[in-house]
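For reference, the structure discussed in these notes is given below.
Order as written gives the chain letters A, B, C, D, E and F; numbering starts at 1 within each chain.
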Amino acid sequence: MPRPVILFSGSWTDLSLEELAPKSGEWGYQGLELACWGDHFEVQRALSEENYCEKKLELLSRQDLTAAVLAAHRVGQAVSDPVDARHQALLPDYVWGDGKREDVQERAAAEMMATARAAQRLGIGVISGFTGSPLWSFIAGYPAPDRETVVQGFRDFTRQWNPILDVFRDCGVRFACEIHPGQLAFDLYTAEMTLDALGGREEFGFTVDPSHLHWQGVDPVEVLRRFPHHILHVHVKDAMLSLNGRAGLLNSHLPSGDSRRGWDYRSPGHGGIDWEAFIRGLNEIGYSGPLSVEWKDAGMERESGAEEACKFVKRLDVEPARSDFKF
Amino acid sequence: MPRPVILFSGSWTDLSLEELAPKSGEWGYQGLELACWGDHFEVQRALSEENYCEKKLELLSRQDLTAAVLAAHRVGQAVSDPVDARHQALLPDYVWGDGKREDVQERAAAEMMATARAAQRLGIGVISGFTGSPLWSFIAGYPAPDRETVVQGFRDFTRQWNPILDVFRDCGVRFACEIHPGQLAFDLYTAEMTLDALGGREEFGFTVDPSHLHWQGVDPVEVLRRFPHHILHVHVKDAMLSLNGRAGLLNSHLPSGDSRRGWDYRSPGHGGIDWEAFIRGLNEIGYSGPLSVEWKDAGMERESGAEEACKFVKRLDVEPARSDFKF
Amino acid sequence: MPRPVILFSGSWTDLSLEELAPKSGEWGYQGLELACWGDHFEVQRALSEENYCEKKLELLSRQDLTAAVLAAHRVGQAVSDPVDARHQALLPDYVWGDGKREDVQERAAAEMMATARAAQRLGIGVISGFTGSPLWSFIAGYPAPDRETVVQGFRDFTRQWNPILDVFRDCGVRFACEIHPGQLAFDLYTAEMTLDALGGREEFGFTVDPSHLHWQGVDPVEVLRRFPHHILHVHVKDAMLSLNGRAGLLNSHLPSGDSRRGWDYRSPGHGGIDWEAFIRGLNEIGYSGPLSVEWKDAGMERESGAEEACKFVKRLDVEPARSDFKF
Amino acid sequence: MPRPVILFSGSWTDLSLEELAPKSGEWGYQGLELACWGDHFEVQRALSEENYCEKKLELLSRQDLTAAVLAAHRVGQAVSDPVDARHQALLPDYVWGDGKREDVQERAAAEMMATARAAQRLGIGVISGFTGSPLWSFIAGYPAPDRETVVQGFRDFTRQWNPILDVFRDCGVRFACEIHPGQLAFDLYTAEMTLDALGGREEFGFTVDPSHLHWQGVDPVEVLRRFPHHILHVHVKDAMLSLNGRAGLLNSHLPSGDSRRGWDYRSPGHGGIDWEAFIRGLNEIGYSGPLSVEWKDAGMERESGAEEACKFVKRLDVEPARSDFKF
Amino acid sequence: MPRPVILFSGSWTDLSLEELAPKSGEWGYQGLELACWGDHFEVQRALSEENYCEKKLELLSRQDLTAAVLAAHRVGQAVSDPVDARHQALLPDYVWGDGKREDVQERAAAEMMATARAAQRLGIGVISGFTGSPLWSFIAGYPAPDRETVVQGFRDFTRQWNPILDVFRDCGVRFACEIHPGQLAFDLYTAEMTLDALGGREEFGFTVDPSHLHWQGVDPVEVLRRFPHHILHVHVKDAMLSLNGRAGLLNSHLPSGDSRRGWDYRSPGHGGIDWEAFIRGLNEIGYSGPLSVEWKDAGMERESGAEEACKFVKRLDVEPARSDFKF
Amino acid sequence: MPRPVILFSGSWTDLSLEELAPKSGEWGYQGLELACWGDHFEVQRALSEENYCEKKLELLSRQDLTAAVLAAHRVGQAVSDPVDARHQALLPDYVWGDGKREDVQERAAAEMMATARAAQRLGIGVISGFTGSPLWSFIAGYPAPDRETVVQGFRDFTRQWNPILDVFRDCGVRFACEIHPGQLAFDLYTAEMTLDALGGREEFGFTVDPSHLHWQGVDPVEVLRRFPHHILHVHVKDAMLSLNGRAGLLNSHLPSGDSRRGWDYRSPGHGGIDWEAFIRGLNEIGYSGPLSVEWKDAGMERESGAEEACKFVKRLDVEPARSDFKF
């Protein structure tokens, strides 16, 4: 049985869930990865209002959609980041508050715990998201951090996240930390270090989105092979490189869609990811969760693009060999 | 006449200049790019002590070495950086002071002005260095800065550097800003933006070190061609890529020399830089300044390495066509 | 709204327009780029016979086809070429006449002016075509032309084409000069030189056919980016390289279809052109004209090939992003 | 015994042979490929003046140089080319005469016969050179020549060259036709066709210069393997490709040395030729003639370049296995 | 008319022909390459039982399937192999017998003759198969065989196969020897040697399966071009390379499907074969026989895979140009 | 201190050691890897004759050569190979005897034990060599061995080698099994399996020769990284790939030196091995043993080749960083 193809609602929060759900159904999706921002899913209302969760599920099921995964990227980012002005736009007012760095981090941690409880109410076992990083601002630049600074970054991270993961464990929910620039785990070896820092605890695993690995030169399939038991969620997003001697990999402070950039996001199948190898990699590790389309492409109309993407992913998802018939 | 081959003293400040100078001469170098840290060149003493500069020059000339360029990377970095704990180790105590961000930035700006005056005393026309960046901590991560934040970063930069460059102009000295990760100008397009932000003023140009461009996918020769009149200084340092699907370009917080990294520095000729093309590019734009070896290679013994590098660069520096004899 | 997909009739003049039109409609095309040779469109009859144009348009509209562009490659070629025996087969008798070089060139120029007037009658704003080149016979060979010869070639060209373009201007028609081997503008830099030679006059722009650029090593998207305001027409034709150490790029005087060649034409999607990048390039410069299939493939049956090509181009033409929704 | 390394004097005719010879000796060369233009070798004087040849040989032997090969590129070019204004500068007045195409061709043919006789006097067995081509002006352009035109071109060629080769045969001299753009034989397959057209006659073979093959995508070693018994002479010249999406292989009418070109000549070892494979290829076919450096590099000073090239070629010329000792 | 797409039944002998035939029809196949093992086709019964062949053909025609080719890989392998324990599982008991090497080889030869006679009864003109090799066990290892050993291997081969091919000739049947590792003909040059060893006799030609050539670095199209008159049969099977510095081309004694391997088989279109070029190569040599899908892919469910493969091959098989209309 | 550069005498046994030693010294070598065949080192005489070892060492020390390693490839091969006619030429008569497979294997095992005792006498701690393989004859061919056959092959191997390694242990000598086609350990994963099969016993490690890995697609540096504690010896030999679509990796039964092959051996520096990376890999794992040139190149004269190789390896062997000075 093929994996469910779902849509990550995080790129569509300019639409209400009431607007997005019927569109998603028409485009062919079988479920949503629900963003915990905009009106798609509001954690505090889910915990305080009777029937909030039931109504959301009903709304979705009218379109034959399931709520497969909850997405908590924005709040998670504030837990371990050195919070600055950019974060205000990402957070609910009650988390941002006065914007004092340590206080925001603490409120964000509390909100992550609340999100786990809300997921339990909704009957969802996986929350995808970001963690922020105490070390990102030192990446690739000057002066390089010394070894002690790096070690301290990982210590801060575990101090901040272990209590959150305790709540996840109690709620029977797992955290699928997205391997993504800006996070502590942004490539294969930092994902290793992060898992080790947390002592390999069971509530913690990864969301793999090949687009973030591709431009760094990391093979997404190597990541699958390295963590066969910790891939909890998958984003389907493409990326392309356009290095011509002038463009650079760090993209010159240019926004997505600017043709001078060295890499950019693409709708699935329009970039450079080897999806054939990626799907076989997922088969090899026995991943049976959803394939969640995170639609981002500054060069395509987004609604026809999202529809095309759904078809592409369904065609892509070849059935693995089921017997052990030998040649 | 070939270009002088000099050694950047910044990687050797564990040695006193008295120790380094004779070694440099023996290895075959014709001059030094003098670091303004350690005891190699002390800006405040140069301005306050009679004969300080003369004695330094004498020390060098005993080994047939010239003082070709002054290097002010560490202090320059603090001018536009959001200063943090890492900077303390880079700065003299009188610049670091209480470590308060804005105050450090101001003292660093004053020290840069003093450096220009010291260069004038020394009879040197080019200071190489860093600038720091108000935007680097947002690079490649999440959340991406919006357009306004980027624009504001460039405005802050020009506000901070224009007064410094006024002093450079008055002293007849030019600033060779190194295109380097961690700076505002880190690739071809950001170098363009930086030059534009400063209105193309004459005192400002670039140091090109191919190693910093290579791993980003930028062709160093394209940078030479783009700024034929603004290349004020050149660092000779190699770099190699070792992507194998597991290593990543952002290097996983791993230190230089760790074989898991996706790229690393190399002694000239031991990496992936196309030096043939680079030298021809320098000939094409008529660059006649020194070729300054910045020796960094975590896999080679540094003294024999520095000697080999000097020979390599001399062999490399082919003489350009001098007549216009046509075939 | 996607761009119209049309068929260039120039490869089908062995069929009468009466035969070709219904086939084109069935294959899915929405219009034709009408060749001014064979019986597809006869310039002199269009100017002298009442209703000639109306009847052609009627014939097309019966198949729901529009006349989008007029193609004047053969006559245009004779304007600046050193005419020789090969040209006789390309020209109407009244242009060839006695075959004397300068006289043929003059009559060809007059015919180009007539073509502009005929286009005006037909209600068409773009004529695609060739120009010939006084310099092509010297390309890549021996002896190389000296600088003066090259400069003189461009001077001759402007002397020959400015009067023609004056008539185009008066008729409100633009000339889409195809960047093509055998023409003065055959790659990116020669297109630049040609545009400069004509002083950038408004009636003059380019037809881009990626196949002619691909085998020369020129990226068609770089051509689009270089001339965002001068791309007047687009040919869709593919090409493939098959270099294996024995084949060469200049194709050894071997005809199309011979497997020893180093490159050859292909039906769209069967060669090496990166169509994904090309369409995004067209979106980026805001090109909204037709996509004209010039069907050439010595290894496929041409009628089923033309039908497949039409489907391929429609599928290819992704809609660009229409809002500025930000991720 | 390694092959003699000689210098092709054709790029140095701005110097008299009296000036060039001592320089060549100092640079390390063991002989010259003597150009039949400038004052290096004058065919008519060689035939009419007593001791002309002896004096030339004496001049050379004073520098320990041999006269290994005679070069007749310029006159040979006029035999089969559609002669135009460019050829005047290449030819002695007595060959150019009134410049009428057919007459120049005939006088050039007569001069080639005279050259064979002069070579015999000089004691030289190989003349290198060009042939011109009736077909080159049609290369890669529009309109493409039809099959009959191509066949006729080869017929004209054999009609023109067979009488010349008869004289070569009678003089015991062979003609090493350079495989070169602008000639009938410009790549592997056209070299095949040319050999076939001449019925494989013994007096005719090839000069291989890898630089002309490299940019066309042809592997020079494949050419050696294809004609093991017909390689009569070898030019050592390098070439490099610099395609970056903007440059093209046909070089946009740009002169050598312009950095926008898609390929250019290089001093040996400074370009992209795989010399290791080329030398082994020569060993494999048992070529024991000279290695003749044709020095062309618009980016290097030519005298130091020629000296470096001589050293490079000597180092390159590894001795082939001489026993059949088996591992 | 496109070529028939058939299924090689050899990978499906765990199913009876009664089970396989209706499935094949449903999947879209137009015929079978019938394996002479399992119950698909039993040579001795075909020769001894009345109506055996008729019944098989009837069974197939009920599903609109033809019997296009007979496959005799297993018995053929035993003719020239140094038979060992592995062969017992491949052979009928009456061929294996006591398992004595020379005796098994002889019985296998007799069975091949019988197979030719059975093919004649069935009305089939081509038998595909293996030959075994006296030299394979020495491949790529140590000690390398000396020249005499290699020559003797070819002599043994011709002694063993000439009598078999005599029977083929008498029956009007040709043998399509598969170019395949483990056989005497396993790449381009060994196929040449094998054809030469047999004196080019008419009954002998090749089955080309691109997958076996691809991982060896041999271009399947070069094989088609080399033997335009000897390609008697084609297998459609894909293969992919996954070299990452750890995997090797000889696959480390690892079974198909193990992700550590350096290459593996794939369902058509899911690997690295350039099918576009392969089909055009078949068109070029005028191959009009069947395209036989040999379905092997350890990462896909085989029944849906076989169905998808049939569609893929039909879409792939573009019609070659039928007229000689010239552009 | 750089590693000693030595010559593997196994390719020179057509010369007596008396002849080879002075040549080796002149070429610049610092020692020999002494072959246990020819007259270079005779195991039985070493054990039975008084002073045999001393005389050998004296002979070497007269040329300032050390005896660094003993090479036992030929006898080792016979221990686990299915012995056939090719082995007779490799073995002393007293090991070959009647040539009966099992008996030869047993005598070869005894001779390996004797070799360990002789090494002890000679004062040498490492014996390099082959092991043979019960599985090689099945490599890459047909029919593929089933899992049980592979497992049985490894079982036979350990049964045969454990008693030999017991003697090695008792003599204080280690066996450096060369990773090489034809052996059980021929790539990275089979080296893993072999080490595991022997339970990781201390007397057993590897000789790494990059040439054998390169053509298989295996990165020699990955092998060093995988077995940092088991690299006991290193061969320096280069290899090149020359795939052009016709050549294959399995080399078509063609002998070394035939230009149709897909790969071949080369003198160090004349092939495709990345020696820079290899030396750094050796530095990384702390390998301090000799670099042993195994000179094989069918295209170069061997004596000048061996001399050039010695120079190449000395230049190559860069000194690793010795301090932990940080940049």
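Going forward, contacts are C-beta pairs under 8 Å (C-beta built on N, C-alpha and C of every residue); 3 or more make two chains touch, one makes a residue touch a chain.
Here the structure is a predicted model, which is why all the values come from computation and not from measurement.
Counting hops only between chains that touch, chain B reaches chain C in a minimum of 2. Fewest steps needed to get from chain B to chain D, stepping only to touching chains, is 1. For the pair chain A and chain D, the distance between C-alpha centroids works out to 64 Å. In whole angstrom, the spacing between the mean C-alpha positions of chain A and chain E is 48. Multi-chain contact residues of chain B (touching two or more other chains) are listed as 219, 222, 244-245. If each chain is drawn as a node and touching chains are joined, the picture fits none of the line, ring, star or complete shapes. Pairwise, the chains that make contact are A-B, A-C, A-D, A-E, B-D, B-E, B-F, C-D, C-E, C-F, D-F, E-F. Those residues of chain C that touch chain E in the complex are listed here as 11, 14, 242, 244, 256-257, 259, 265, 270, 296-302, 304-305. Interface of chain E with chain B (complex): residues 244-245. By the touch criterion stated above, chain B contacts chain A in their complex at residues 73, 77, 85-87, 89-90, 130, 133, 135-147, 149-150, 153, 180-183, 186-190, 193, 213, 215-219, 221-222, 226, 241, 243, 245-255, 260, 262. Taken in their complex, chain D has these residues touching chain F: 219, 222, 225, 276-277, 280-281, 283-284, 318-323, 325, 327.
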